[in-house]
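One chain, chain A, links the two complexes that follow: it is found with chain B in the first and with chain C in the second.
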Partner chain A sequence: MANLAAVVGIGQTKYMTKRTDVSIAGLVREAALKALQDADLTWDDIDAVIIGKAPDMFEGVVMPEAYLTDALGCNGKPMLRVHTAGSVGGSTALVAASHVQSGTFKRVLTVAFEKQSESNAMWALSNAQPFSTHLNAGAGGYFAPIIREYMRRSNAPYNVGIKVAMKDRLHGARNPLAHLQKPDITMKEVEESFMLWDPIRFLESCPSSDGACAMVIANEELAEKSPKPPAWIRGVAMRSEPTMYAGREMVNPQAGRDCAADVYKQAGVTDPRRDFDCAEVYVPFSWYEPMWLENLGFAPEGEGWKLTMEGATSLDEGGDIPWNCSGGVLSSNPIGASGMIRFAEAARQVRGDAGAHQVEGAKLALGHAYGGGAQFFSMWVVGSQKS
Partner chain B sequence: MKDIAIVAYQQSDSVSDAGAVNEVELIMPVLARTFEQAGLNSAQDVDFVCSGSCDYLQGAAFAFVSGVDALGAVPPIKESHVEMDAAWALYESMLKIRMGHADSALIYGFGKSSPGDLPTVLSQQLDPYYLAPLWVDSISLAALQARLMLDKGLITERDMAEVVSRSRRNAMNNPHAQLSGDISVEDVLAEETFLSPLRKADCSPISDGASAMIIATVDQAKAWGLPYVVISGIDHCIETHNLGMRDLTDSVSTRMAANHAGMNAGKVDVAELYAPFSHQELILTRALGLDKETQVNPSGGVLAGNLMMASGLSRIGEVFNRIVKGEAQRGIAHATSGPCLQHNLVTVLEKGENA
Partner chain C sequence: MSDEQDEITVINAPVYLKYNFTAGKAPARYLTQLKKGVLTGQRCPKCSAVYVPPRGSCASCGVATEEEVELSDKATVESFTIVSIPIPGNPIEPPFVVANLVLDGSNISLIHLLSECVNEDVHIGQRVQGVWNPESEWDYSMNNIRYFKPIDEPDVPVEKIGTLPVTGLEG
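This part shows the complex of A and B:
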């Protein structure tokens, strides 16, 4: 059995289009320092640093952990760099947790970041390869046909995505760190925004953000002594499947279903809609909320959109299972950090420390990230109690 | 904590240009041989998979994604990736086993350095604001380090040439080596300097290739009935990126990692050191306090072939091979990352049953 571990400190930068006031090192240090302050710790209290980000081409720095060690107080310590596509923020948190859950370290710092303003993500994701088909589509172009297939299968009304886009931005307006601040957004405004990749409209897409997220993860003994409530890590899971193979279920990927089943089993979750108080799920394009509601077992197949339309996932409508109270990826998207933000926001909820987007009395929360062409998944379950 | 052991290791030939072979095609034959060695069929037969690679070698985002295509990951597998040498993928896998979420793991690393200009590509690993804009390449930085050693009288060019000569001679027994031959110290010294004081022979070659390893708990290794080598210690440590703030003639982080990994708890019969430049082998040997009792780089080391993102794992695999063959009882392997030995990992390996 894994040793108990818990999140004892969380730090995030403000998410915005361009952080021209800080270097890459300054950005990660800002989040890391906030996490240390939150845990009432200093650099000397940290045994190892685990860092994650999406492709190096997003900033144009090869393996930037070598350069960032000074900013993260890591000199003389172990530094590990994780990269698992868009799920990397989540995977990085899991690898960091494994440093403690394995009994190898007492307390580690983990940081994930992206400074997308340094480069052009669309370009970095789409450069031609000598041995592969050139899609030149970016993420939205890749996911649009998969969403269309979901709409066809489920017979969902056309405006489900529009509802998600509005709902997550209203959530984001409660979170001062969220990149997009749209407290007055309406479904009409979303519907009238221009079509990017049919059926994905501009306002149904995530922004491109600069930002970093950091967490301090400690073992049971140290977590119990921590000044603020710990978020106990109750389950961890990762799954990968190939990008393309004959018969791949792209709308409801097997890797996502297997990953959820694994992490639920560890946490004793049998009915996710009932057992969780809230979830932070990687939804970069609006329609991925109903799709993941089904993939993660919150709704039967073909019925995820009903939860969205009923308001079950909305904090503002008093839903029973609010999703992405922080505003989610639709409100802030520093790609490499986005997964860790989900994991950290789930932890904030069960620590009772989520400010204006707190779900009252949240005790158990899911953090979720996916990446690539939805073939990489990482998830964790955090709770206010150890078991 | 559970004892963890290596049960299989394979690497491709180290070649200067793999031609039209893509990354998946580099990996697949190596994986096939690794599974065969362990008596397994595919990645479905291990509990966890972790790889190491670098997007900038391929010139594409998500270089590792295609690597998954080599694994037979249907149904889905538990899989992760480090943007580091695969020696660190081994490290991550060990944590996964120690925490009880796996009893076995496949680790692989791959790199195709030939399509680009590797020393220039690596210049973009430097501080992006103050150093990378100067495009200082990795060989130039190593040359500055070697010059520092020479000027301080810590080594001579003859010492460096001896490292090269021994590497090439040792590599004659390594079927995967790219550079090997009966070359004397005088032969090396007769060569012109390339980036003074370095001669081309002082620098590891540009190589394409891959390596792979399977590890398991000792209980699992016994259940499989395989000869195994125990990983009795592993640790790594990074130093400041600012070259002006480090003593480049020493490797403090290597020594720290070795101490944490328990290197000094017994005799070291063999050491495989990831020294991409001849003078760095001397730095590492001294930092670790290795003496004549220890055979250094019997494979020829990376001066005989340097599989970027896999060479660190290969060092560990080479020590595994020595111990399995009965040529050594206990050994250490070293991996490095970053300019001028910034980040170092040390693994201690010991003979298990049947090995």
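This part shows the complex of A and C:
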């Protein structure tokens, strides 16, 4: 049985298109310092640093963690880099948590980042492969046919993705850190935006952001002494599966279902829609909300879109299970950090520290990230109480 | 013009990457056959699924694949997207249709271009066939097929996509 661990400090940069005022080192340090400040700690209180980012190809800096040790105060301390594609922010938090749950360290700092303004993610995700045609058109090109298949199977109305795109931006307008600030967005505006990878429109896609997110995770003893309420880590799970195999379920991946079942079991969650107060789920393209509602068991297969259309996932409509109150990946997407932001925002909710996007009285929240060809999944459940 | 230069915060420093690809036994055989204008896959001894391009193993069963299977250049549209932005490093002009296609005789989709079609009429289950480059231009490359185009055959019912024998729907 693992030891208890909790999030005691959270730090995020403001997400934006370009942070030309800081280097990558400056960016991660900014988030780390904010997390330390939030936990009322200093660099000396940290035993180890766990860092994560998406592929090195993005910024073209190979092993950036090697040169970031200085900025993150870990000279003479253990540092470990995690990489699981787009889910890396989540899996980095889980690796950090496991180092505390195992008793190896008492208090660790975990940081994830991306500086998309210095990178070309579309290029990095579109490189030619020797035994295939060179037609991979970035992440959108990969996910668009899967979304189309979901639309066919579920017979969902055409505007479900449009609704999600509006809803998450309205959430984002409550969050001063969110990159896109679109308080007046309408479904009409989303619908009229440029069709990039049919059926994915421009406004149904995530932005390209610079940003970093950091958390301090501490053991039970230290978390109890922490000045602000801890977010207790009640369950942690990761799963992966190959990108391609015959008969692979692409719309509703097995690895995602297995990961959810594992993390729910640890946290005693039997009915996610009822048991959670909110969820921060990795939705980089709008239609992934209904798809993940089903994959994560919030709705029966083929019916996730009904929750979206009923307003169940919307703060503004008073929904019973708000998803992505922070604005989600659709409002801010520093790729490597996006998963950790989900985990951190879930923790903010149960700490009662989410500002204008707080779900009143939130006690239990899900943080979720996915990556690669929807093949790497990381999830955690955080609560205001230990059990 | 001002004498003062704008502060420099970012410089462009492109990285170029050229690498040798060691194909391995199965992809090497696939590419060799492709140069002769033949599409080949490999069958999993456990689940019988046929993989193309073959990678020498079945990622589902975790076993090696050896049995070679010749495939058709006719295929079924499993899904697709109409792309309206350019692909970095590819001169193709948008909009273009990229489809997930299952070749007859195989059980996994690969992506290729659809052309000679009305983009708006492309649909799941549609039957298509490869349009090959002239034989003199064949190389160790899937680009030997320039694109796939719709053919006059009935749509494949959704539940049968990915299960067609090499002889096609009527086979």
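Convention: the second predicted complex is superposed on the first by the 380 of 387 C-alpha atoms of A that agree within 3 Å, B and C clash if a C-alpha of one lies under 4 Å from a C-alpha of the other, contacts with A are read in each partner's own complex, and residues count from 1 in each chain.
One rule holds in what follows: contacts are C-beta pairs under 8 Å (C-beta built on N, C-alpha and C of every residue); 3 or more make two chains touch, one makes a residue touch a chain.
This is a predicted model, so every value here is computed, not measured.
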| item | value |
| --- | --- |
| Touched partner set for A:G318, first chain B, second chain C, both or neither | neither |
| Chain B versus chain C as contact partner of A:P242, first or second or both or neither | both |
| Partner chain(s) touched by A:N120 [first = chain B, second = chain C, both, neither] | second |
| Most chain A residues touched (candidates chain B, chain C) | B |
| Partner chain(s) touched by A:G141 [first = chain B, second = chain C, both, neither] | second |
| First (chain B), second (chain C), both or neither touched by A:G60 | both |
| First, second, both or neither for A:P183, with chain B first and chain C second | neither |
| First (chain B), second (chain C), both or neither touched by A:G103 | first |
| Which superposed partner A:K77 touches (first chain B, second chain C, both, neither) | first |
| Residues on chain A lying within both footprints (that of chain B and that of chain C) | 60, 127, 130-132, 242, 245 |
| For the chain A and chain B complex, residues of the former touching the latter | 1-3, 23-24, 54-70, 74-85, 91, 95, 98-99, 101-104, 124-125, 127, 129-132, 236-243, 245, 254-255, 258-259, 372, 375-376 |
| In the complex, chain B residues that touch chain A | 1, 20, 22, 49, 54-56, 58-62, 64-66, 68-69, 71, 73-84, 88, 91-92, 94-96, 98-101, 121-122, 124-129, 132, 235-242, 252-253, 256, 337-339, 342-343 |
| Residue ranges of chain A in contact with chain C within the complex | 20-21, 60, 117-118, 120, 122-123, 126-128, 130-138, 140-141, 144-146, 148-149, 152, 194-200, 242, 244-248 |
| Residues of chain C defined as touching chain A within the complex | 9-10, 13, 15, 17, 21, 23, 27, 30-31, 44, 47, 49-51, 53, 58-60, 78-85, 87-90, 92, 98-100, 107-108, 110-113, 124, 142-143, 145, 158, 162 |
